[in-house]
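Chains here go by letter, A, B, C, D and E, matching the order in which they are written, and residues are numbered from 1 within each.
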Amino acid sequence: MKTFRALVWRDILIGMRASGGAALAAAFFALIIVLAPLGLGPDAGTLRAAGPGLFWIAALLATLLGLERVLQPDAEDGTLDLLRLSPLPLELVALAKIAAHWLTSGFIISLLAPLLAPLLSLDTPAIPILAASLLLGTPGLSAIGTAAAALGTSVQRGGMVLAILVLPLNIPFLIFGASAVSAAQANEDPTQALIFLTAASLIALVVGPIAAAAALRLNED
Amino acid sequence: MRLIAEGLAAVRGERVVFQNINFDVASGQALVLHGPNGSGKTTLLRVIAGLLGMLAGRMRVIDKDGAVLTDEARDQSLHFVGHQDAIRPQLRVMETLQFHANLLGAPTKNVDAAIATWGLEPLAELSGGLLSAGQRRRVSLARLSLQRRPLWLLDEPLVALDTPTRARLNDICSKHLAQGGLIVAASHEPFLGDRRTMTLGYQE
Amino acid sequence: MQQFANPQRFVRIAKMLTPWLLGATALLLVTGLYLALFVAPPDYQQGDAARIMYVHVPAAWMSLFIYACMAVSSAVAFIWKHPLADVAAKASAPIGCVFTALALITGSLWGQPMWGTWWVWDARLTSVLILFFLYLGYIVLWSVIDEPTRAARAARILALVGAINIPIIKFSVDWWNTLHQGSSVFRMDGPTITSSMLAPLLVMAAGYNVFYVTFLLIRMRTEVSQRRLRTIRLGLEPVPA
Amino acid sequence: MKTFRALVWRDILIGMRASGGAALAAAFFALIIVLAPLGLGPDAGTLRAAGPGLFWIAALLATLLGLERVLQPDAEDGTLDLLRLSPLPLELVALAKIAAHWLTSGFIISLLAPLLAPLLSLDTPAIPILAASLLLGTPGLSAIGTAAAALGTSVQRGGMVLAILVLPLNIPFLIFGASAVSAAQANEDPTQALIFLTAASLIALVVGPIAAAAALRLNED
Amino acid sequence: MRLIAEGLAAVRGERVVFQNINFDVASGQALVLHGPNGSGKTTLLRVIAGLLGMLAGRMRVIDKDGAVLTDEARDQSLHFVGHQDAIRPQLRVMETLQFHANLLGAPTKNVDAAIATWGLEPLAELSGGLLSAGQRRRVSLARLSLQRRPLWLLDEPLVALDTPTRARLNDICSKHLAQGGLIVAASHEPFLGDRRTMTLGYQE
């Protein structure tokens, strides 16, 4: 447990001190939301309709951004060898990586989103649903992404391409997330979409670490 | 404790790097690997650490009661110090060692002792990215002092070290052997008075 | 089991079977298409457009079935390290990819007259699109890793993780209310479709299946001989299984 | 000249073989465009209105993505030292980096965009304008980005954050680019917007290499 | 040619790493820097190469006609082989050396000669990421043979090299000196028979 915490903390520390980390994901997210009206034109109706989708697309892209730094540097500088030799099971190592990635991306984004909501003319009742959907959904995105990053470490010439290959797995998150917020905007009940979103997240959080650990063991060659 | 290898062979990519390697290292003994560049010294050390699969052969670590260790138990009774030093530019030396202690499952208080053993006091607060080549190596060797473990696997440990530190490494290794430790090391220079050496073939 | 484990024997047997299988494929597909286009009655609601069904439905079944086969061989490769299992999974992927594309294309061709649109983002359609991406990803993964042993291990993981999608596709029509209709053949309580439509459907399905087996064997044979060539070229001793 | 070509070619080669490169930027771009209807809902009117903006936002983000790999690895593995010692002036080194980055991002994207246009229900007359605006504008984005990346190498703890700081400089490209395409959709004349876009690109291509070279010289400590 | 340094001093970060360094190396001469880890050997070599600014002092490279070289001319008359090897995992050894030849402004046909000189033929088609430690070093030393340049700056050139390659490096350096070249090298081991050494102070 102590090792687990130490691992999460180290990744957060590096993320904060190095190129970007939490700030990077948050800035990227904010940027997409700020740029949207510039690109789409300032019509409140269009923005309001596009809002839920834009927020979720932005979240997807922002979590994608940091994935290359989740495991690649560890593989390059030998830390991965030490992780594999450590008493902590690799599944928990993967979970720690997921946690650190989420805390520096999805979590920050969820806190940031309500502040940015007015920029896209989001209805007030939809704002807590936006935050909730991001909080519930982004852990799943981090889990899928980390599993992809783990596969990436074993691919000499693959890297982020893999993350993009796994992005199809993120589509359900986008659909459920955006439809929860849209439902709230239309005064409908977002519960069902949120339940599906949570289920997807939970599945990803169970399967992701197992797949990531299997991929890390793969380096045994 | 004993480390016994029989008929080891390993491939890297598409090439058989070495074949039919046999050795038997017991408590208090050191084995120094020599051989030309690319002959598979690093590969062999990684195979022993379980970081790389072997193509053929058998490797056993036997504890003092004669029982064969499981893979997990083996992982926890060895230190691996390779070419790569696991030092991140963003972390201070102190933080790096604390993290390594955590990974080993060692109490964090051992960090101070390790820092003292390797003379790292003046560097403790420096970021990893600012260290000189020899300073990095020292930080990475300091892992050895974070937790007592019987089997040390050292890949070219002398590289980039200055003369006093070489002497210090030599002392620390001799003491480790005297206390019943085992060392397998790769080196291009004489190391540990070359107690027992094995030369890997020319495979290029 | 042991006799198939030997790749040489596998190649011999596969070679022997290939002409017969090719013949069977041609026969079944021709019969199936004839039955579908000329013998089966037009649907009382949809008219002749419904004949797309005989291409679409079995293709959709195959897309699921082949992925399931890939997942199973990957699991076999994972657990028993059987040398042919990875080869089977690798050889299946492009065939499955083609069937998925066929299901998607015929589905949206059918969607235009039936739903008035080529495409909707409902659960069934979306999950099949994801399946298509998974096939592509699997193929790309093999191609980006040079060493077959390593690529095989990475691909196994992707195939097994992607398998989650299969039940989602299968049950999406029951779990969500979608435009796409539910199952009428593979049901607990037996098929609910008239036998004049069921017969051509099953003949087509059989034709697709034999097609799959045929090309699977051909592709596996090439793969096995390519690997042998590679081993010889690189001067490696044969890796003990 | 030969050195210049060799430098461009090397970067393209590495990009193609390593994690992503051309494929990455293209895939990322395509992904944003494919995800857009998923998030925004499939209504053709909304998509058509949002289309030009979405394409340009996607282009901005896709060029941003590869910037970290333009100079950071060179700084880490010592290639930058050799570049500084080489007879090729650092301004030309920077220009080569810009060219390689553009060829593996903006250029590919410009070719890809017309194929993706139907997904967002873009009008047919707007499609050539979309391609033209991307071809004219993205070199400027690469230039600004490379200058930012050069600054990043001299800042131990900066990296991509800088790229985001420089993104405000990219806003004019977004505005002119999107409005050129929108104008074409509304059967108006896109020439003026395209001229502004080209001007912005040219300025960036002149100032960018000079700024980047200055930033690289800064490492002299 | 002559390399003359007078009263050099350099800072790294907040620390004065060395001060008041003087030397004078002429054609055919080698200067080997010794000193503990962190004493500034790498820093000094980078200052000589012009990659790092100096805090105080003066450094001149004088050609055989007695004229002081400009910074550009100096850059083009030196080879710098540092700790970092500028080898990208995605490029094959052959491609890496061709790229380095281009950077030096040397004709690409020199690559084959360099490969032969350093015994890299079996590695030419291997990706950089697959090389062993010593093989990487050899590739990076092969830069020296891509173009004839008088001043060689070598940072711990012996590291990771096997015994035959050490001998080869020694021969190549001796030949370079015999042809009127200059070498400034940092090393923790005896190098070039330690013709002339300078020990940097203990600064930790």
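List of remarks:
We take it that a contact is a pair of C-beta atoms (placed from the backbone, for glycine too) under 8 Å apart; a residue touches a chain by one contact, two chains touch by 3 or more.
Just so it is clear, the model here is predicted, and its values are computed rather than measured.
When chain centres are set by their Cα atoms, the one at the greatest distance from chain A is E.
Using CA-based centroids throughout, the chain positioned farthest away from chain D is B. Chains joined by the most contact pairs: A-D. We define each chain's centre as the mean of its Cα atoms; on that basis chain A and chain D are separated by 24 Å. Taking each chain's centre as the mean of its C-alpha atoms, chain A lies 46 Å from chain E. Centroid to centroid, with C-alpha atoms defining each point, chain D and chain E lie 37 Å apart. Measuring from the averaged C-alpha position of chain B to that of chain C gives a distance of 49 Å. For chain A, the set of residues touching two or more other chains reads 17-18, 156-158, 161, 171, 175, 221.
Of all residues in chain C, those that touch two or more other chains are 121, 146-147.
In chain E, the residues that touch at least two other chains are 12, 83, 89-90. Chain E makes touch with chain B in their complex at residues 12-13, 35-39, 42, 83, 122-123, 130-135, 137-138, 156, 159-166, 188-189, 204. By the touch criterion stated above, chain A contacts chain C in their complex at residues 147, 151, 154-158, 161-162, 165-166, 168-169, 171-172, 175, 203, 207, 211, 214-215, 218, 221.
Interface of chain E with chain D (complex): residues 11-12, 46, 49-53, 72, 75-76, 78, 80, 82-91, 95, 98-100, 102-105.
By the touch criterion stated above, chain A contacts chain B in their complex at residues 2-3, 6-7, 10, 13-14, 17-18, 73, 76-79, 81-88, 219-221.
Chain contact summary for the complex, chain D toward chain A: residues 17-20, 23-24, 27-28, 31-32, 35-36, 38-41, 43, 46, 49-50, 52-54, 56-57, 60-61, 65, 68, 72, 152, 157-161, 164, 167, 171, 174-175, 178, 182.
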